[in-house]
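So that you can tell them apart, the chains are marked A, B, C and D in the order they are listed, and the count of residues begins at 1 in each.
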Amino acid sequence: MAPAGEKKNILKRLDAGEVVIGDGGFVFALEKRGYVKAGPWTPEAAAEHPEAVRQLHREFLRAGSNVMQTFTFYASDDKLENRGQTLSFTGRQINEAACDLAREVANEGDALVAGGVSQTPAYLSGKTEEEVKAIFIKQIDVFVQKNVDFLIAEWYGPDILNSMHAVCADIVGINCHFDPETCVKTVKLMKEGVEKAGLKAHYMSQPLAFHTPDCGCQGFIDLPEFPFGLEPRILTRMDMHKYAREAYNAGIRYIGGCCGFEPYHIRALAEELEAERGCLPAGSEKHGSWGSGLSLHTKPWVRARARRDYWEKLKPASGRPFCPSMSTPDSWGVTKGHADLMQQKEATSKEQLEALFDKASQGH
Amino acid sequence: MAPAGEKKNILKRLDAGEVVIGDGGFVFALEKRGYVKAGPWTPEAAAEHPEAVRQLHREFLRAGSNVMQTFTFYASDDKLENRGQTLSFTGRQINEAACDLAREVANEGDALVAGGVSQTPAYLSGKTEEEVKAIFIKQIDVFVQKNVDFLIAEWYGPDILNSMHAVCADIVGINCHFDPETCVKTVKLMKEGVEKAGLKAHYMSQPLAFHTPDCGCQGFIDLPEFPFGLEPRILTRMDMHKYAREAYNAGIRYIGGCCGFEPYHIRALAEELEAERGCLPAGSEKHGSWGSGLSLHTKPWVRARARRDYWEKLKPASGRPFCPSMSTPDSWGVTKGHADLMQQKEATSKEQLEALFDKASQGH
Amino acid sequence: MAPAGEKKNILKRLDAGEVVIGDGGFVFALEKRGYVKAGPWTPEAAAEHPEAVRQLHREFLRAGSNVMQTFTFYASDDKLENRGQTLSFTGRQINEAACDLAREVANEGDALVAGGVSQTPAYLSGKTEEEVKAIFIKQIDVFVQKNVDFLIAEWYGPDILNSMHAVCADIVGINCHFDPETCVKTVKLMKEGVEKAGLKAHYMSQPLAFHTPDCGCQGFIDLPEFPFGLEPRILTRMDMHKYAREAYNAGIRYIGGCCGFEPYHIRALAEELEAERGCLPAGSEKHGSWGSGLSLHTKPWVRARARRDYWEKLKPASGRPFCPSMSTPDSWGVTKGHADLMQQKEATSKEQLEALFDKASQGH
Amino acid sequence: MAPAGEKKNILKRLDAGEVVIGDGGFVFALEKRGYVKAGPWTPEAAAEHPEAVRQLHREFLRAGSNVMQTFTFYASDDKLENRGQTLSFTGRQINEAACDLAREVANEGDALVAGGVSQTPAYLSGKTEEEVKAIFIKQIDVFVQKNVDFLIAEWYGPDILNSMHAVCADIVGINCHFDPETCVKTVKLMKEGVEKAGLKAHYMSQPLAFHTPDCGCQGFIDLPEFPFGLEPRILTRMDMHKYAREAYNAGIRYIGGCCGFEPYHIRALAEELEAERGCLPAGSEKHGSWGSGLSLHTKPWVRARARRDYWEKLKPASGRPFCPSMSTPDSWGVTKGHADLMQQKEATSKEQLEALFDKASQGH
């Protein structure tokens, strides 16, 4: 276990041409495990149930992740108290606990710790730049004090961008909201833009592990299946092999994931890039890349699937003949500052909900 | 924490009319987390990575499970050494470790421990009744010594049934291989048969968390998607509500799951049966049944989904327009004792695999 | 052109082991051409637009049909005046015109004329046996006078069956309502029943040209797509090849079609059974069986489809990613004699329709 | 019956703001009726089976078409003799017969006759401009002599465009190859271009009656389903209502169809635009717009479908659970002049076919 300071930092790794495998999305994975509430999506589990968060970090490390993102998504105080949520931990406590957990597990391997900064309700509610900045700075204070290796800022408007400039302008990329295919395409466009401007950068992609060919420009939150009917869209490990290859071919070298990613998805990325990285992850001890582990199966027709071309060609059925293959996204056409987007401390009232239910019914 | 002996045993619970919520499948869940190898599917993680197994037990307990099944699927010595697998733990060590973990977590709540007995390659290979029985007895020895509360025998022929009679003939049901709809239908038929014979029993169902309307009589192993392309078939929590209700209406009172079940699936069962059980699971603290937690979401059109009828009516899209909704199962038509089914200690050779690949290609 | 009397009759043909190719459904084909009204589905076009009916007969003859069914479906006076329909032709005029057209075209080849008898609203409305019989006898009078070669009775209850006994008990089969797969399976069951009873018969199938795997016991009328959204279910000519082969293998020798069949569907049946029948239909002059005509296509990748295995393996896409592959049939659970099924001379009133619209909305 | 000269010509109609309803595709409709051979797709039926062509013209007229296109698609001598086809009629005879049939039926109503000019194999084979022009001029000679009301040129390169300029530059639009959605979108782009250039024009769309969201830039010929597996893609009459409305809203006033259109599709266009055109077509006597005719149906749950919103909301199922909803088009990447595209008089040889079959297999 190397002290944090002695690890090669992220830019050095990327400058040296290394492929950096990211980790997956904690919010969705821990929701399924019972530690995050869908709706507020806040990360109090870092303080409340550290053993669950630690275990998930370990699984990603074992799957090949070179980076442990702190589980600090939506950990700003305004978000923690939004719409009637009452928690027994402060934002500071959660952010500190999350940093400690990420560092603890990162040091069990050779991984780096990345502080994760995300959108705040204050922004959507149209608060001033000052107010929004103040919220971010509070969170970043913890990251600085806890000595994280670098920051990943999740989503932000043009003003916020400036204040981040010094920290992370060297890596640009896409996080969440769209499937790998869309993300890789978008990063390609960013790369073209950067190169046209005569600049240089490293590229990152952290897409969803859900197929979203039918998403509009706002991403998967608008899909009618979000968040409790997304199962049929989950990517297979074979889809992940394809993603890793396409991202690599597009010049992306920080390849990770976001919502929907489970440890086996990250492992598939690491396995696809075995030659480029010169190693397999620890978790591959319990896996045969591209199905080869099936040669140990009891039934002969399953052993017959122990080969790459079988899985590459498979078009997996949904077992859902009454369901379509694509959806029409909701799109109420409201943007930052619109009354519908105003956040509030108190819980959504019954009347407010009824109004929303009506609005939704008319839209369909 | 009550000593095991003071808990109400399984039959007393069922006789009293209680609904018993089972747990989910460890093999698939731990494969995705990186601790089980698809192919051999053996449970050495109980001894190798106890923290991962313990965490999964805790998540099921938190989701509402009243039973912790020991993670002892395929833990017979002949299976552990099948087709070239080499492990550093004996079957006895694994079985003992699994019993200890299940007991430890069961006692963190009011859950019972069930010893899990499963099929052995010796049976498929056509070994004698004596040989097969010997393998089972070795495993059951551990269960007796470790004082499990009851046994669940996973799959067995008519002869084996007799030796189990004293232990568990009072609960009959279905485990694995098919989706909830099929399982509930089948248990209904069993119930009719039992009642026609003037007998009484309790009923159990532990189906897959995969939709399998297209399965033949051998179940999901024959589906071309098994085991690495099953994602689009994963049941949603809404599907689970429906399953819990239908199982309950069919008179089933031991309602659990098998492969594909994640903790949130079990939580959905417990939430659907809140009124019948008189309680919600601990994990519901991080969940609003039927989507109600979404009333805390930032975006108004997602808050508009915070209601039961939205999720009941949703037909979730797969995001996979190039994939069909149903598959044709493989079915080579071989049964117990057939040469193709003979197991072996040594790894499947390249020549053996090539022969299987050819056979599979011709079949399509 | 042989006088009708000199042609080999239907039973002689079947007794001699010949395969008899039927024709297709006039009601649906002529509705698409603009001569039949969906809803009443009555055949006044035989008198009103004889050129259109004659042309369709010719196309079926050219496609290989050995039988011209008179276009007399629903040509009873009570049906012609049902629910507000006003027509300028009587049932007798329509029946006579239809017989003349069928005979005219039949004699352009070696085809036989079959009188088509169908269900009457009087039956559904619960009229007495006498009343229902009287309606049938009126229609049969025309057939006898016009000297049709044999009768096909479309659907009827047990009482009516007796009065038909002398005429057509020698051929039993299935008409309309289900797809070929279901029809062939059902005729197989009928055949087993007949043979178990020590009887002999010839077998007929005249299924839909629509895929209906999701139909309940009442057939395609209950599908939500009936009748204006059935397009995605239309069988391809390749599906027809399969149907012809399976019907033949099941011992069916009168192989035809019903609603949805277009001339090219009948041609496909005749082409599949070329060897068994010893001839190709005239229409095959404009067709290459199994796609072979594509060897004359301009584009090379279309010429590459000029082979049987290409079309046998093709799983045709719907181009409809927002649509499911299966539907839930409507089923109001009403049967003969129920108030909802009462027929009436006058048009359905606005109030009656509103009540139905409400009932339908609640059911979904 | 007005003499041709006294009818209002096409530009006068469009200049006056009238909506002109076109007709549908003869090639596909007559192939299904048994008079056109898929592969060469030539229109010899105009001379060989005039009664079949006349009947189809009448059905389109009855459905509301204001234009009868001469059935002269691919009626050039080089195409008639391409790839081993031997016909007993010359191009001139076919073109003349087609003009006579179109004029005969057009004069039964108030329709105009449009001469149809299409691509010639000479163009694909890379013949000189002179050679290609000579072929076109031969066909246009007949049109001039037969006094057609205007010409529609189906597809052509930039050189040919010039020679057409005087004849039809006043109407621009899209024919065949793509579905209505794509065509309307494309015409919108053309309109923007024309208007940006400060020009004026009338706009036409004659799309396929097949859904082709998955088509590449070459259109439906490249889809693996072309031409014998397109059934699941056929548009419903409700899809046609939508097309008519969108085309109208886009400023298109010549609204017709191409391959796949049957008379009932054209009738749906005319019914959607009843208010704009001030009339319903004759064929609507046998139709109730938007399903209203179903108020006469025997079964109450079908009467409950006699309303617009039922059909507007319906997502029709395919009944094909083993099929996907989208396909990957073939695309060999060859263009005009490439060896693979060379046409020949003699039939495609077995060796040539084998080479194509191999090429196709490797591509998948």
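Rule of thumb we're sticking to: contacts are C-beta pairs under 8 Å (C-beta built on N, C-alpha and C of every residue); 3 or more make two chains touch, one makes a residue touch a chain.
Protein names from UniProt, one per chain: A, B, C, D = Betaine--homocysteine S-methyltransferase 1-like.
The shown structure was predicted, so the numbers you read here are calculated from the model rather than taken from an experiment.
Asker: Using the contact definition stated above, find the chains touching both chain B and chain D.
Answerer: Common contact partners of chain B and chain D, which must touch each of the two, are A, C.
Asker: A-C versus B-C: which has more C-beta pairs touching?
Answerer: A-C
Asker: Using the average of all C-alpha atoms in each chain as its centre, how far is it in Å between chain B and chain C?
Answerer: Computed value for the inter-centroid distance: 49 Å.
Asker: Centroid of chain C to centroid of chain D, CA atoms only: how many Å?
Answerer: From the centre of chain C to the centre of chain D is 30 Å.
Asker: Counting in whole Å, what is the centre-to-centre distance of chain A and chain C, each centre being its mean C-alpha position?
Answerer: 57
Asker: Which positions in chain D touch two or more other chains at once?
Answerer: As it turns out, chain D has residues touching two or more other chains at 214, 315, 321-327.
Asker: Could you pull out which chain A residues touch chain D in their complex?
Answerer: Interface residues on chain A, with respect to chain D: 315, 321, 324-326.
Asker: With touch defined as at the start, can you tell me which chain D residues reach chain C in the complex?
Answerer: 31-40, 51-52, 55, 58-59, 62-63, 82-85, 121, 124, 179, 210-214, 221-238, 262-264, 267, 282-283, 286-288, 291, 293-307, 310-311, 314-327, 330, 332, 334, 340-341, 343, 347-348, 352-353, 356-357, 359-360
Asker: Which residues of chain D touch chain B in the complex?
Answerer: Residue positions touching the partner: 214, 321-328.
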